[in-house]
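Next come two complexes built around chain A: one with chain B, the other with chain C.
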Partner chain A sequence: METTEGVFFITGKDFANAGVASCELKSILEKIGVDRGIVRRTAISAFEAEMNVVIYTPAGMMRYKVTPDYIKIVVEDVGPGIENIDLAMTEGYSTATDEIRSLGFGSGMGLPNIKKNTDELKILSIPGIGTTLEMVINIKKE
Partner chain B sequence: MTLNEIKDILQAEVLTFKFDENMDIEMVCSTDLMSDVLAYSKPGVLLLTGLVDGAAVRTADIAHVKAIVFVRGKRPSKETIVLANEKNIPLLATKLSMFEACGRLYVNKLQTSIEAG
Partner chain C sequence: MKLQEVVDSLSLVVKTATANLTKEVTGGYVSDLLSDVMANTKDGYVWITLQTHQNIVAVATLKELSGIILVNNRAPDADTLKKAEEEGIPIMVSSLPAFEIAGILYNLGLRCR
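Up next, the complex of A and B:
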């Protein structure tokens, strides 16, 4: 397997297209021939991160790199940032509006679910500047 | 149980032209919260939901949901149906409530896809 890289741009509040980038990434991973279980974990992590960009920020981007050993996804946004990352990692904690909840999201499971589905998760967030999520899913078992 | 048997049990209408009547279904996830599908559901399930927008189909695609049944007589847009055909995810619609739809499937031995916490 060769290394594959790419980038998607994500528009905030564009709920009609929410999840398109992650679905495209999933399709790419399937074409490459990545294990089905790893595809699912990667796609869920990417999708949760993408939904956070759509829900909370004006815009962001998702970069991905697929190597024979691991998949790395970096999602950056220019949103309001996360005031308290520990609190945001708590299952059920959410600042989503009722409108977001009516769309089936914003129940406070996003970041904890990313943590569950990735092998490494780094979150860098500066209030007023934006947030960067760096996610790694290992392909080869150590 | 096949998807066709589920269609009959739920008195459901098929909305997509992609419909494998022999598709095997063993487990069901019933929720309007897509976050719960992503966080708790196992792959290869049938999703019962009242959420009819494209996010339901994309969530199903991401989480390896096999097919979706919309409950309470809700109907998705044409765009959502087109998307489901593209993703090869059959869509069905029933007038039954979520409660009754789940009850009918439960007595027919289908299992939950979400483990009790």
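Up next, the complex of A and C:
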């Protein structure tokens, strides 16, 4: 398997296209022939990260790299940043509005879901500037 | 159990992807929170919800769910129908509330585990 790389752009508040990047990434992984369990974990992680950009930020992008050993997804956005990452990692904690919640988003499970489904998760966030999420899912068993 | 049996048992109105009623249903899940469904469903589950917007189709596609049952005669948005047809996700509507639908499917042998 060769290395495959790409990027998706994500527009904030664009609920019509929310999930498109994750669905496309899933198709790409399936075409490459990545193990189903790995595809499933990647799809969950990518979707949650994508939705966070749509729900909370004006815009962002998702870069992915698939190698024989691992899948790496980096999701960067242009703000507003996370004030308290420990709190944001707590299941059930959310800063979403009632309107967003009534659509079934912003239940405070996104980042915990990503943590559960990735082998490595790094979050760099600067309030007022933006957030970068780096996720790695290992393909080869260590 | 095939999805068609679920449709027949609940007298569901099938709105999209009628060709995919041959899918095997492996279990069921009731939730209106998208992340909850992402976290707790497995391939082939049927999802019972009141959400009608198009993001439910993305969730069902990503989790390879067998279909979505909308409760209380909720009408899916036009965009939802279009997307579900494209992705081959059956969207089915019931006049019953979620509790009743889940109870009937449980009695038919479907579980969530």
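Here, the second predicted complex is superposed on the first by the 142 of 142 C-alpha atoms of A that agree within 3 Å, B and C clash if a C-alpha of one lies under 4 Å from a C-alpha of the other, contacts with A are read in each partner's own complex, and residues count from 1 in each chain.
Just so it is clear, contacts are C-beta pairs under 8 Å (C-beta built on N, C-alpha and C of every residue); 3 or more make two chains touch, one makes a residue touch a chain.
Since the model is a prediction, treat every value here as computed from it, not as a measurement.
Asks: Judging by the criteria at the top, classify the pair chain B and chain C on chain A as clash or fit.
Replies: With chain A as the common anchor, chain B and chain C collide in the superposed model.
Asks: Counting only touches as set out at the top, which of chain B and chain C does A:A18 meet: first, second, both, neither?
Replies: In the superposition, A:A18 contacts both chain B and chain C.
Asks: Looking at the overlay, what does A:K26 touch: chain B (first), chain C (second), both, or neither?
Replies: After superposition on chain A, A:K26 lies in contact with both partners, chain B and chain C.
Asks: Looking at A:T4 after the superposition, I want to know if it touches chain B, chain C, both of them or none. Which is it: first, second, both, neither?
Replies: Once the two structures are laid over each other on A, A:T4 reaches no partner at all.
Asks: Between chain B and chain C, whom does A:T132 touch in the aligned arrangement: first, second, both, or neither?
Replies: Once the two structures are laid over each other on A, A:T132 reaches no partner at all.
Asks: Quick check for you: in the superposed arrangement, does A:M109 touch first (chain B), second (chain C), both or neither?
Replies: Once the two structures are laid over each other on A, A:M109 reaches both partners.
Asks: So, does A:A43 touch the first partner chain B, the second partner chain C, both, or neither?
Replies: both
Asks: Overlap of the chain B and chain C footprints on chain A, residue-wise?
Replies: Dual-contact residues (chain A): 15-16, 18-20, 22-23, 26, 40, 43-44, 47-48, 103-105, 107, 109-110, 113, 116.
Asks: In the complex formed with chain A, which residues of chain C make contact?
Replies: Touch residues, chain C against chain A: 32-36, 38-39, 43, 49, 51, 53-59, 61-64, 79, 87.
Asks: Which positions of chain A touch chain C when the two form their complex?
Replies: Touch residues, chain A against chain C: 15-16, 18-20, 22-23, 26, 40, 43-44, 47-48, 51, 103-105, 107, 109-110, 113, 116.
Asks: Could you please specify the touching residues of chain B with respect to chain A in the complex?
Replies: Touch list, chain B to chain A: 32-36, 38-39, 43, 49, 51, 53-56, 58-59, 61-64, 79, 87.
Asks: Would you pull the chain A residues touching chain B in the complex into a rising list?
Replies: Going through chain A, the ones touching chain B are 15-16, 18-20, 22-23, 26, 36, 40, 43-44, 47-48, 103-110, 112-113, 116.
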